[in-house]
Amino acid sequence: MKKILNDPENYVPEMLEGLLAAHPDRLKKAGDELYGIVRADAPTTGKVAIITGGGSGHLPVFLGYVGKGMLDGCAVGDVFASPSVDQVAATIRAVSGGAGVLHLIGNYGGDVLNFAAAADDVDMEDDIEVATVLVADDVASAPSDKADKRRGVAGMIYAFKIAGAVAEEMKPLADVKAAAEKALANTRSMGVALGACIVPQVGEPTFEIGDDEMEIGMGIHGEQGLERTKLKTADEIIEALLNPILEDIDLEGGEITLMLNSLGATPLEELYIMYRKLVELLAAKNITVHRPYIGRFATSMEMMGASLTIMKLDDDLKRLLDAPANSPFFDQSQYA
Amino acid sequence: MATTMNTQQVVELITAVAERMIADKDELQKLDAELGDGDLGRTVSRGFTAIKEDIAATDDPGGDVDKFIYKQGKTFSNGAPSSFGALFGTVLMTGGKSLRGKEEISLLDIADATQAALNALMERGGAKIGDKTMLDAMHPAIAAMRKAVEDDASMGAFFRAAADAAQQGAEDTKDMQSQIGRASWQQQRSAGKMDPGARAIAMMLDAAANHTQEG
Amino acid sequence: MKKILNDPENYVPEMLEGLLAAHPDRLKKAGDELYGIVRADAPTTGKVAIITGGGSGHLPVFLGYVGKGMLDGCAVGDVFASPSVDQVAATIRAVSGGAGVLHLIGNYGGDVLNFAAAADDVDMEDDIEVATVLVADDVASAPSDKADKRRGVAGMIYAFKIAGAVAEEMKPLADVKAAAEKALANTRSMGVALGACIVPQVGEPTFEIGDDEMEIGMGIHGEQGLERTKLKTADEIIEALLNPILEDIDLEGGEITLMLNSLGATPLEELYIMYRKLVELLAAKNITVHRPYIGRFATSMEMMGASLTIMKLDDDLKRLLDAPANSPFFDQSQYA
Amino acid sequence: MATTMNTQQVVELITAVAERMIADKDELQKLDAELGDGDLGRTVSRGFTAIKEDIAATDDPGGDVDKFIYKQGKTFSNGAPSSFGALFGTVLMTGGKSLRGKEEISLLDIADATQAALNALMERGGAKIGDKTMLDAMHPAIAAMRKAVEDDASMGAFFRAAADAAQQGAEDTKDMQSQIGRASWQQQRSAGKMDPGARAIAMMLDAAANHTQEG
């Protein structure tokens, strides 16, 4: 296993200690709970707080979006594992500013169950109101008639951004929840993997893939995808990512934002090579692109591959997307 | 032979199950790698290790049997926070709650507690029988438990019957298509593979049968 | 070769076309020269223009730092190759705002020669004044008595940031040059490689490295390093990166900024694991850290490994470092 | 046999050298992989391909010999923008400039042009003789050229002597420690390896000798 680490069992706590040492001006623990990372100035009284959470190994997802204009806190699991009920509850308590808390989490069994149990706890024990929105944007994971079963991938970042902007406007919980739901109703993702990653505590690749192979639709934890094929060209790959999205949501003639995301090892150069073809394909459908995000936004450690996320825009979503936001991992200043 | 258990006996039973699950975690790991993300072995070993540690750390690991079982549910799910961890935690917590006030538990109590847990799982997790989950091992196990109670079976026979039924239920999941959780993303491709959570339930009951038959 | 590309020969031009399609609001070609990337609003009349350049395959280096508060332009070479004299000259012409141009480039033979030849051309043909500062921050590449022979790595980013901030203040060429020189006099870097990368036109890894090996001091193009050893722990590795820097520049009791940089495939999680130990080691020497940069700032495509860069600060450098800056790859807003 | 060349003959000579360098690029690639970054094979093949293309694209590839050589220097360095590309481009540009106004060039002219190029290289690149670079092949080659001129050698013998001296110079670089360029970062470890740029110069002169000896 080629990794820079000490004891694999300490991968996550040491990572979190490093994070807190690096950004004490912007992040802190949720009380005593190391596995709860919240804004340094949390809670913000009167503001709806938004938290997410899930397994580690996806930086900047999840905790990288804790910051002004986005999330208030994040419950952190071990690599590819859910945070526990107690960790989620500690996070909720640390961010609650009296206006309610929104759980904005990926549609993964463990996370869904543990966040629900934590919501019960803080409801009963602290009278904190919690609403939940599940991210289920990966079109590869279920057909459109079972869209609620889909898993959540990079699309969650658009939900963080949109709901976060609404919360920053001091809107009530129902509005923040509705904004997240609207963002997600307009969002679809699709990924491709070329190479596996290694969970530190396991020490072996999560899946096997031939030197000349790729898998379209693979999940970010190595969940089996739609099709294993020979490695295709960049132009073919981006088409294979775009087409299932276009079949799932009508974008023709509209305006979108998009995220072309490396799963980790795939270099930015290759994202731009794909982007070149992508704008061509979109232009042919009269789809215009606002504020493309091209980079590493949701990774699987050193996995090789990429994902495409598209969010259909209206004036409202566009304004909220453009609002400033800032975290140690995501800085969208007034300039851009 | 006794057909009731006091807290101390429950502690011993759970400890025996824990040993077995930690020892055989690789089998679950492999099944979950096929159908899910390959962490179920780690989940059960972490969850049961947490329970063992909790038992070891408590001076009198007994106390009220309902509270003990409830607490081990919390311990399991916090120690192994995956789907199965949360769900099996719910099994123990609900089971514990359904035994409220009992000093000793009977075989019927166990059947009823398992039924209560099953109901809670369906509510929490949204799965139905036949969705290819741990429910499909628990459901036939409960029927077998009830039949064993009717037949005045010994505790060993009770758990053996439940274990066999659960194992058959786990085998039957091979013919099902996953409708929930990670495995559902495999859609048609999930057919032919055994559900790892169902197998975990069967394995626990088998360990319980071995333990109580020895006694 | 596991890469998302079309014809390997088109790796760089297709990457550049994608880049220009993605960021037309912020970047444009240098006239007709695709291999010259400049700010969309270049030239800025009366402002000293700063350009850099070098081989592709290091994003965000080099072109990723073209933007407000940093560079005005970048001449782009093929993967790991220098841009040509004509490409550099075209870039100079596109950014020259009448106040002179600073070449701020890595100390690599091809780049040094071609930028010098281009400077001659624009001096003779366009009367453009050019000054040059070479980045030579990699302590692994030569001993301190031959420090001018060292190669340039991630330390160049601090030089871009500091000199860029001074240029933005409309200071004359001599001041901008002096600022770059001061930044670099205070800057040292050291790297470690765990895994190789593949130059697309070559198709094979640039070097061989065993599954359980690492190489301290390896260059970003796979230039041989100081020592090949068994893979060490994160704590040992960061110490091996820090110590040669501490031996080369006196930091004790002072304030620094630092860049803990992934060479590509190494995930952010592992950088934070190293950072945890790094602050411990620095604290033991009474060295305090201002604004740590932790992420991917200078890569070698999918190379696995990391580098540490330290710049010693004074009030002046600190103010210039904190100034806002913005490019599609680097956004330092007013918030942070 | 003639000891001067007109433009047409220079074009033929450069074309012959180009063919050889493109054919034997792998040898240079390997040497540069040992001591540098392994791109010298690609550099020479890209540079000489650019020259061949330029010659093919020009109706009358001749014209003034000085201008022709100068232009091929620009073509080489823009076509192969690495250290060697820039430096060998400088060789041709400086050589061309030193032939200003000539219709035909003599062997002495060639020796003088090479000397002018060597001086320019030292100025541009900052290397000295003995720093383990292409200079260490050019320097002995110039001495051999001058001796051949003194000895009234044929053009073929002139280039053969230069090529042999250059090759000996390249061999001698094995004993040197790199003082400049990428190879210098290897410090002591550079000893024992042949400088790839020096070998490239020797290879070019060998190609020139083969071409002119055939004629």
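Order as written gives the chain letters A, B, C and D; numbering starts at 1 within each chain.
The criterion applied here is as follows: a contact is a pair of C-beta atoms (placed from the backbone, for glycine too) under 8 Å apart; a residue touches a chain by one contact, two chains touch by 3 or more.
Here the structure is a predicted model, which means the values were calculated and not measured.
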Common touching chains of chain D and chain C: none
Identity of the chain that, by mean CA position, is farthest from chain C: B
CA centroid of chain B to CA centroid of chain D, Å: 79
Centroid distance [mean C-alpha coordinates] between chain D and chain A, Å: 56
Separation of mean Cα positions, chain C and chain A [Å, integer]: 29
Junction residues of chain C, two or more chains touched: none
Touch-based graph of the chains, sorted into line, ring, star, complete or other: line
Chains that touch, pairwise: A-B, A-C, C-D
Residues on chain C engaged by chain D in the complex (per definition of touch): 77, 80-87, 108-110, 113-114, 116-117, 140-143, 149-151, 201-202, 206, 219, 221-224
In the complex, chain C residues that touch chain A: 2-6, 11, 14-19, 21-22, 26, 56-57, 59-60, 64, 68, 194-195, 211, 231, 233-235, 237, 264-276, 279, 292, 294-296, 299, 301-302, 304, 306, 324, 326, 328-329, 331-336
Residues on chain B engaged by chain A in the complex (per definition of touch): 36-39, 42-43, 74, 77-79, 81-87, 90, 124-125, 180-182, 184-187, 189
